[in-house]
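Two complexes follow with chain A in common, the first pairing it with chain B and the second with chain C.
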Partner chain A sequence: MMLRMLFDKLFTGSAAGSVGLLCLLLIVVLGPMVWRGMGAVVFRETVEFRKMQHAIFGRGSQAEILRETEQVDGLRKPIYDTFDSFAQGIDVDKQLDRVREIYREYGDSLRQRNTPADEFTQLRSTAKTIRDRLTEALETVDQSEAISLTLQVLEMEINFAGEPQLAEFFEIARRYKKTVEGIDPGHRQEYAELLREVRDAMNTLFGPRPDQPKPPLAEHQFGATRWDLVQRDVRFLLYDEQWVQETPGQPLQKKLIPRKQQFAGTELEGWFDQIELDLKSLFRPRLRIYWQYFFDDSTPGHFFGGVGPEILGTLLLTLLAMVVAIPLGIISAAYLVEYGGDTFIIRIIRTCINTLAGVPSIVFGLFGLAFFVILFGRPCILAAAMTLALLVLPVIIRASEEAIRAVPSTYKEASLSLGAGRFRTFMTVILPAAMPGILTGIILSLSRAAGETAPILFTGAVFLGPMPRSLLDSTRALPYGVHGIATGDKVGMTMPHQQYGMVMALIVLVLLLNFLAIGIRWRVSKKLRGY
Partner chain B sequence: MNTRFSVSRIGWVGLVIGMLVTTQAVWSAEGGLIVDGSTTVGPLGDAFAEAFKTSHPDIAITVNKTGSGDGAAALIDGRCQIAMMSRFMKDTEFTKAVVNKVFPVAHTIAMDGVCIVLHPSNPIKELTKEQITKIYKGEITNWKELGGSDLAIVAISRDTSSGTYETFHELVINKEKMGPSVEYVSSNPQAHARVKSTPGAIGYIGLGFIDAYVKAIKLDGIMPTRQTIAKGKYPASRPLFLFTNGYPKLGSIVHELCVFHLTEKGQEIIEAKGFIPLTNY
Partner chain C sequence: MDIRKPNVTILQPTSGADRVRSEQSKPVAEFSRPLLLSPGQDLLGYVTGHLGRGTLFVITLVSVLAVFLIFWFVIREAIPFLKGESLGQTIARLTEFLTGKNWYPEAHVHPEFGALPAIVGSVYVTAVALVLSVPVGLLCALFLSDMAPFSIRQAIKPVIEILAAIPSVAYGFFAIIVVAPWLQHTFGFSTGANALNAAMILAIMAVPTIISVAEDSLSAIGREIREASYALGATRAETLLKVVIPAAHSGIIAAIILGMMRAIGETMVVWMAAGMASQIPSPWWDLSQSVRPMTATIAQEMGETARGTVHYYALFAIGCVLLIFTFGMNLISEHFMARIHRREGGR
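Moving on to the complex of A and B:
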């Protein structure tokens, strides 16, 4: 007696425990995915995001965007200017070319103005002296020499006050003096390399400059579109990540070296602090609920935009597959139970169906490729939906069969005794009574069809393509999109929220479809119970 | 009861009519341009399609990334007009193509380097082909043996149907069989993610996927850079191809896509995507 009670308790306990474990697993597995996926919909947008939305999707008012762009560009201009003036001091080759060019142009202009011969010679030789001194200053690696040479050049400015062509000489000299006072020209090469990193980081953060030609791909046309991306990218701008050996024989340690420190004593020292300080006004983050994510098309590669075509494609594929599979499944089940009897052949058929239910989905995919794709002439929605229908058919048949068999035979006998035929009995008495069970099978197969990648891989899903215009076009689909992002380009690396967003959309879609089916089942069974 | 049934019956009739109407539309539809193949070339396919979207808004380009081998199969079966491949067609594929009356023509669109990558915390800066071969054969199992720290080596490889695998297999480990401890992943981002998160990992990915989270090392003393790959100095450099059935008809959209890499915009895109454009000036 005691033992039996103990076993009873043990059983109840373990059952409750496993249900709890399942729920916990569901939360642990799905929770983070949905949570991170929500990041694709709810996030803090920056001005770059608004620009992108306007340029690609035509959202937002033109005037508002222009005004904001202008304001932000105004703030960014001093940043670019400081950087450029410093960079010019580092990149001497370009300036050497420019200096030579100015001298040549000046000589030409003197000739064109018909300057008297002796004045011409005198002016030109002075210009030549300036050119040579400036060239020497730019080429030297000695700091004090460079400064004294530039000073000599600047002293001669008074003699050429009336020569606009030569003004640039002194401009270059002034700028160079400023740079060279901060850094030792001997270390120019090292600075040049550091500066290249800074420029790359700056371009990722702010996007292309307003005066630069527009890059051909949308993914490069905008800076950091979200506040989380801003924070990630600004880290690369403000800090240099280096891996250094701390103890020999051990793995290297990551060390963040502030770039401010690397550029200490130069014009750029305060520049980094300025960016960090002004980050908010440079990007103007604002909370955004991007509900259009579920409807928007995306730019190729999914760098920007939403998953609209994918959701539409998945819905189309799943529902089409169900439209094919449900009637076929129920009719087959009805035949197997009501008409087939229990002969040897029926038993073989039943075994075959059970086996089919366990066949891996990629096998169905390959069958679809070999049969439906050839039948329809190309991979298309119809071929993919048919393949999915075949995949879920065994499950629906099995569930329907069990449900129909579970209907009490008294129902059938009562109907038959009232004079109804076998068909009528099945349609009006048995089928409605079996409906809740059948619907359970449908729910299970619905989510399976929506989430499968392998059967549609070769039969009709594509990663990038236009919206389908007919059932003979191929379509994008959520599961295949997730696969495509994971295996294709760098989206997952550079914009992780796009990947999570798509996974979340798939989960939410499957849950919604399930709830819909559960709702229908609840209504049907309520009707059946009669209250 | 009766009314409800008639309502659902009307619903079914509506559904059937709807299906008939769509099927009517179905047979009149026409397919656009289908591009299929390598996951490495895939980003370029996407980018070219994006560029064509603005210049040819009426042409629908479909891009699929299934792998070089699958791309070749799709071209042979006539399931696509352009196959993207990160390796040249094998003789078996060529034979099959010719039997099917498909005559593959290769268009080289860019160069790529297969870079050997390590976790950034790994002090190793260069490896030779022999050392890498030994790692992938399972003969060297600890970084200590190569002068690194005491850490087990996790060798990551691409799956065997990938073009990147073929390049690595042929040009780096000299067609030696890989050992049983090697881990296989099916794409560049996955290989990147695996190396990024594993301190003892070694893997190989395309040049475009190198970033701050993984460290490219010298192979036989040569660093993979634009210059060394373009000049073919880097041992694991490879061309990337588009394959078509015969040379595309001049002026057709297929032709335009196959020569797009020669335009300034095309070269800019190739460079922006981390590949090396083919130029000789």
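Moving on to the complex of A and C:
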């Protein structure tokens, strides 16, 4: 007996548990997508975002943006300058070329000045000594030797005060001395490598440098447009991410090495802390509710901008499908209720409707490709909408049939007994009474059509493309966009919020329609209970 | 049935009207025209009535036409792939298609069209999805029909509806962006896009279908049978397992088949989450391997195929297999549904 009761309790518990699991699943599935998707609309924008909005969508005042850009660029310039001079310092090949060039030019100028022969020889040989010392200093990989050699060069500066051509020798020597005091020239190559990484990180963070030409792709034209992206990207500037194998046989482990440590002792060392401290003034974050996300066009690849064309395309496809499917569906349902007995033909029709409801959506896509696309000549909105119409037709028929059947027969009998004809009875009595139910079905199938991807894959949806000009053009659509943006790895790596934003837009659209349907049904059932 | 009865009598004008007339010796009220007209009296009305009915019938036939067109066009495009010069060749091609393990449709020298990995992939993820979803779905249906009070039922229904309403591509997005990295991290799979991932998501998608159909059939089993069982001293678990479920078995089978159809016909989730590797998992229980079901194969390759090539026709042949598969399951589920309706009608 105990065992039986225990089993009973366990059974009830597991049933309640599975319902709980279902609710949990709903939260787990929807939660991250909606929450992170909201990040595409509500976020902290940076100055780069304002620049982007102005350049692409013409929003914001030009004067304000120019002023802000100037201030931010003023803060960024010293950073760029320091990094540039450091880069020049360790770029030995360029300096060697320059040193040889200076020597040649000096010789030429001496000859042009018609310097007396003995003076010429003397001056040239001294210059040659300086050149050789400097070359040696640049080429050596020993730190102390490089320093002493540059010192020797600098000592000779006094002798050449009157020679402007040679002034650059000493400039190079001074700069190189500074560099060499900070770093070991033996590790020059490694520093150059690290510096390249740092500069790449700076490019993603700050955008292209103002003194350099604008990159052709819009995705490269701006730095981190959002505060969360700033915080993500600044890590690549401040830390070096390395995958190291600590114990053999184990998977690689991620390790963050501070750049400050890598550039310790150089003039760059302090700047990393400085950037971290100044991050707010470098980017000027501000809270933004980017409601235009739902209306804006996007740059190719969805790096910036919104999902306007996708939403428009989805609405166009869905509404067009509905225009075809609703009359067909309601009339079919009316026929099935009013005239449908249990005859052979009706049974065939019902089997066909059930079959249509069971056909996989990808097969609808194949059919659309083999029939509608050929019919209209190319993949286009019309072909995709017709395919969707066939897909939702059985849904509408079933829902309408149920709604019409649910109208109490007394309504109909009353109308008929008043002398109204069948058609009039249906139009004025049954249809209005069944309307809320039919409407619920229509809205649900609308949401189904809006979310279907497979039927429109080959019949008229594209991931990237211009706005459609006619119904014979293909269009972007939310569901296909979600697929494209989820499987396209680059936008996911650089702009995750754009991924989540698109799927959020789709889910919100579909759920709004569903809530509307649930609301209508709830009102109707309340009304019915009220009687 | 009872809805229709009154108008059937009204609509038989000749005999019905005569009878009404003869029974009433004197009309109660004066009508400007007779209450019911014979076809001869109201030719226009008679003709328009039948014309209207005919029009409605033709419009209703659109769904029939659609089904036939779908079958016709999908099969028509599949035939060039299967048709050989002779019967023997056709059979050889069909055998290669259904049992071949290599799918190299674009190979220059010797393209191979073995769809077995795709068919196995579809069946595999569907089976796993059913193993996960049927117990949960049935328990939920039992909870809703037999255990939950009205208010809780009202609160749970929207949850199930929303689960059913989330677009498949959103589930696919969830699978590849959220679940795949999680699987990879937690279980150390070489890839998160694998059969387990796809099957889990398909299970979530099939559960609402299973619940709604199963709950309908469980509710259709009357109170009497439950009360009889309780009266004999059975606990709730015993009543449900030994009395209610056996009584509702045809509806439950129909629910499972419908859930299966939902899973096998699903494209976006398996395309995004199953990993797109045309292989038969070996060992067979290794769920961490990637597969490529039929729907995903079509979705992936149709966009890159020129119309009229063998590859194009081969993809239609896969569509054909899918169509026949679901059509067969549909007929089975209809058979079981018809049994429920018969019983309801008889009760």
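Just so it is clear, the second predicted complex is superposed on the first by the 436 of 531 C-alpha atoms of A that agree within 3 Å, B and C clash if a C-alpha of one lies under 4 Å from a C-alpha of the other, contacts with A are read in each partner's own complex, and residues count from 1 in each chain.
The working rule: a residue touches a chain if its C-beta (ideal position, glycine included) is under 8 Å from a C-beta of that chain, and two chains touch if they have at least 3 such contacts.
The shown structure was predicted, so the numbers you read here are calculated from the model rather than taken from an experiment.
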>> Applying the document's definition of touch, where does A:393 land relative to chain B and chain C: first, second, both, or neither?
In response: second
> Looking at the overlay, what does A:493 touch: chain B (first), chain C (second), both, or neither?
Replying inline: first
> Is A:301 touching the first partner chain B, the second partner chain C, both, or neither of them?
Replying inline: first
> Which partner, chain B or chain C, is in contact with more residues of chain A?
Replying inline: C
> Now for A:379: first (chain B), second (chain C), both, or neither, which partner does it touch?
Replying inline: first
>> Taking the superposition on A as described, I'd like to know which of chain B and chain C A:253 touches: first, second, both or neither.
In response: first
> Just chain B (first), just chain C (second), both, or neither: which does A:457 touch?
Replying inline: both
>> Under the stated touch criterion, which partner chain does A:470 make contact with: chain B (first), chain C (second), both, or neither?
In response: first
> Who does A:262 touch here: chain B (first), chain C (second), both, or neither?
Replying inline: neither
>> By the touch definition above, which chain A residues appear in both interfaces, chain B in one complex and chain C in the other?
In response: 457-458, 486-487, 492
> Which positions of chain B touch chain A when the two form their complex?
Replying inline: 15, 19, 22-23, 25-29, 31-32, 34, 39, 42-43, 45-47, 49-51, 53, 60-66, 79, 120-123, 149-151, 186-190, 192-193, 199, 208-209, 211-212, 215, 265, 268-269, 272-273
> Once bound in the complex, which stretches of chain A touch chain C?
Replying inline: 4-5, 7-8, 10-12, 14-19, 21-23, 25-26, 29-30, 32-33, 327-328, 331-332, 334-336, 338-339, 341, 348-349, 351-356, 358-367, 369-371, 390, 393-394, 397, 405, 409, 412-413, 416, 419, 421-423, 444, 447-448, 450-454, 457-458, 479-480, 482-483, 486-487, 492, 499-500, 503, 506-507, 510-511, 514, 518
>> Residue numbers of chain A touching chain B in their complex, please.
In response: 215-218, 220, 236, 241, 243, 245, 249-254, 299-301, 323, 373, 378-379, 382, 457-458, 462-466, 469-474, 484, 486-490, 492-493
>> So in the complex, the part of chain C that touches chain A is made up of which residues?
In response: 2-4, 6-7, 10-11, 35, 45, 49, 52-53, 56-57, 59-64, 66-70, 73-74, 76-77, 135-136, 139-140, 142-144, 147-148, 156, 158-163, 165-174, 176-178, 204, 207, 235-238, 240-241, 261, 264-268, 271-272, 295, 298-299, 302-303, 315-316, 319, 322-323, 326-327, 329-331, 334
